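Look for chain A in each of the two complexes below; its partner is chain B in the first and chain C in the second.
On to the complex of A and B.
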């Protein structure tokens, strides 16, 4: 029994492939099959093959609306999370080595608390009698409603997803080298130009990774939108939850899940394209 | 080392020899699994019905499998269709219909269940193998500290001082569905299948609703002061009202409300069918119905249940209240539910 490393490789990959086939592909195919059945009133599932679920879904503008809202909101939240996280990540990266680990832990410590608990925290802070509206009122402003609408969902999700963004950014900051910035500055580049021409391109891999992660997590999040949205923010993930758990229209939930999967696929594709283009431009 | 191994060997041999004797002994105690709601329902149902049943039937052990809602119970029954682990399930009547249609339940016959003759007619629905086990109704929830005087009408929801302080679980939840039907009649709707008047009135209410998705529920929103008014189930409302120390109260509005029916069903192919049947007989008996009504204010389905006047007053079961209830066939509602959800999303949830 002598196996060269070359023909041993497929054998080594086999267990992982088998596990993936069983735990990922098989349920996915099941889901796809389910979407070609019809949901009956009261939660029943028709036995026969049917295009009714897909037909109703594609004909109904409402689902296009929630798809666009989900993607739009996810892009907005990704952008805001990036803006909020980049300076923090940069500071942590440049911090003295003695403090860096402590700062990293501080940044990701919110992950130790469940997102549900943090969401309830936001209810307390943003609610009518919460401290933010109370402070605003004390300063003489009439605060707009900050929770039980889209505003609340955006605030909550940005905070909840920031640790992922910070971690991704830190992971992608490896190429950043202070000597390059000093060289640029010594050649007369003002700080903004240094940032735009040197820092930003070098940190692009981290930015792209963080954006991908936050985007995907936003599209798939439903607990925070449910708690902070007041039932008014209808998204792909909340709709899947409602159809699967409340109205029991499993075929429709399956079809919507496949659409969500399509969104993730598209996001991965875009990520791949941009990161390859970025690699080329740096090289 | 050797000693331990020998020891182990002896234990193993002993166990093998004893095995035939252990089996029949454990088979004498039969164990059934009951799937029903979690939380406050579980606490009270277990104490009022499950425990007395086990005391009366020492050979049967009931494991309470807590479910967050009816839909998940149905999902679990579906998943276990080939090899059921659950013997008895309690869920909403519309879910009972879906489960019956999918062949997940066995019918309950008058021959095997003489107790069925004692039940109110509303406990039975055509095509549903499960039968009614509790009646509940929609109630107005309010904070007695804020809402003065105590409200007697659904119309209080539209009153100016309470705008922005209302918590209601909207459609697709059944509270939102039921409320639409009640409000529809309030606004001149004569047939609940034509619910446009209800949608329109709730659409006007929407900007004043703080949350259509109060989590964990509307009762908590009012108890902790986030909201002042809400809509919820009477039984839970009455119970929380007695526990909240004046933070929450439940009112049965004078215009009437509508009933929600929980049904109890025998799972097809249940592992312990006979014990399960004994349990269902007990759950529907006057004794169990009385105990649960007095403990948690669900109106009894068994007409012979001699429920105390005080508990009965907290339910919608008194004759004058019964007369005002909106008569709804939930199986008909299941058919219009999709259409109603669409209207909710387009005209109610998207407002405000």
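On to the complex of A and C.
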């Protein structure tokens, strides 16, 4: 790098900027424009500028409900994925160097299988005649319904998104050093206090990164909610899909997309705020 | 020197302490006691079990056998947070997300010391290590020596019953190392705290410890004051590890005299007649005009093979009857510099001629 003249460095990001302009910014602007048209019955799009789409959308409580459900579910899934992934990531981080790479591969290997296939897998396991309910019924329990409702969507998404959480956590564990825990213990801290005061603050960057990723991926996921929700769990992403593909109301789909984009922006903002505060106290 | 007074119970007692890793014994039946206010050095090459011993004392590693007793109380089974020991780690292990003051305050919080008293004690401890103005800094904003002093203050502010130091100086550069070791010694003496100091550096151990335990392969090789360790090493290993020595194979006769090639020497040490190793420290050999006669002295004539001037030292390699002796002399202005090929006459005391049974490992 040092051999590159300083004023040439900006040129290196030019290709990325150009690609992003054409594949992200331009379609986004298009989308924004589209949301200010009127969706006509039968899939037509009005030619004139119109506030009708946004007006309908903002007036209808249904969409607010969808938005809140999407965000609430994403927050819940993020929390559950974190709880499920943290012990795994901690174990992998602590594992003997010989095993660590193997364990990392094992953790992220589910990513090698399409989310669609894994979702169908969960249908087989959780479905009414599926593996889990049958066993539970055989044991004399009356299991609650596990698919085609929020429960199924949450179970499926947590499992499907865990590899991202584990990877993010592992990346953030670099600062952790067992000697620090020993030092805290020698100063009189019992194990739980060591975790709360030493381990958790030092792994916070990884936690925040993992939460951001899982949150964003949850809000934008639609295959898993669609299949495991059985059309009964209405979310932002599934609604966008329905409006664009089924109802053919493209302006409404565009407007909902922009709202999703707003959610992502807000998530990024919160992430940046918290991680800067954390960085100040950790670095 | 502060040592356990005869008749009083030792402050720290290791009783047949043992650590097994699989089938290897990292520490074998180690028994020793440390008196109140004593600074004990655990000295040995890497892998000798000294750090393992320290970690067992601190509770960071369970013992496989034996007992650890502090002030009459068996602590062998206690977890580290209930042992009341201050540990200074080799890499300092300062909490990076806390300020210097928070690092020091941590142990006091764990002991439920009220906030006002905490602040006062933290400030006092920081002043003790001359870092009073650094309370609000982060560890990474400090130099290595300053971090070392924070680590020391953090371990001491809790007023532990025992201070454990694990190679605390090995990450510092040479000048700072000497300064810090004296500072550690000063503070340890001022507080009168019982301390165990692990090091592989014999000069460090000799300089500040009340007593030194030399370890090798998990076994205690010798326990004694620095003087005893240096002047009356119990084994060939100790003589070679602490200080430098010429090491030569010889034979001890029934009369006690030692035959080294054509030379007949008087030697100290209990080695039985038979094959022995003779060790002579280079700076205990002097250049002289004539081979000395009589009791108490050994002498030899030889040829200078190499002569090196190192400022404060003159280092010579002298061939005597097939053996090569390293000789070190202090220099002074006007001193004649022997040249290679010249003849040299040497003398040294009988008590500086250490005789050990020939060991298999040597």
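The rule is simple: the second predicted complex is superposed on the first by the 277 of 283 C-alpha atoms of A that agree within 3 Å, B and C clash if a C-alpha of one lies under 4 Å from a C-alpha of the other, contacts with A are read in each partner's own complex, and residues count from 1 in each chain.
By definition in this document, a contact is a pair of C-beta atoms (placed from the backbone, for glycine too) under 8 Å apart; a residue touches a chain by one contact, two chains touch by 3 or more.
Just so it is clear, the model here is predicted, and its values are computed rather than measured.
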Overlay on chain A: chain C relative to chain B, clash or fit: fit
Contacts of A:128 with chain B and chain C, given as first, second, both or neither: first
Superposed model, angle subtended at chain A by chain C and chain B (C-alpha, nearest 10 degrees): 150
Touched partner set for A:281, first chain B, second chain C, both or neither: second
Which superposed partner A:227 touches (first chain B, second chain C, both, neither): first
First, second, both or neither for A:7, with chain B first and chain C second: neither
Which of chain B and chain C A:197 touches, first, second, both or neither: second
Three-chain overlay, closest Cα atoms of chain B and chain C, distance in Å: 48
Interface residues of chain A shared between complexes with chain B and chain C: none
Complex interface listing, chain B residues touching chain A: 69, 71-72, 74-75, 94-95, 97-98, 101-102, 164, 169-170, 172-173, 209-213, 215, 225-226, 331, 334-335, 337-338, 341-342, 345-346, 349-350, 352
Of all residues in chain C, those that touch chain A in their complex: 58-60, 79-87, 89, 91, 93-97, 106-107, 110-111, 138, 140, 154-155, 158
Sites on chain A touched by chain C in the complex: 175, 177, 179-180, 182-191, 193, 197-198, 201-202, 281-283
Residue numbers on chain A that touch chain B, as the complex places them: 40-45, 62, 123, 127-129, 148, 226-227, 229-232, 234, 242, 245-249
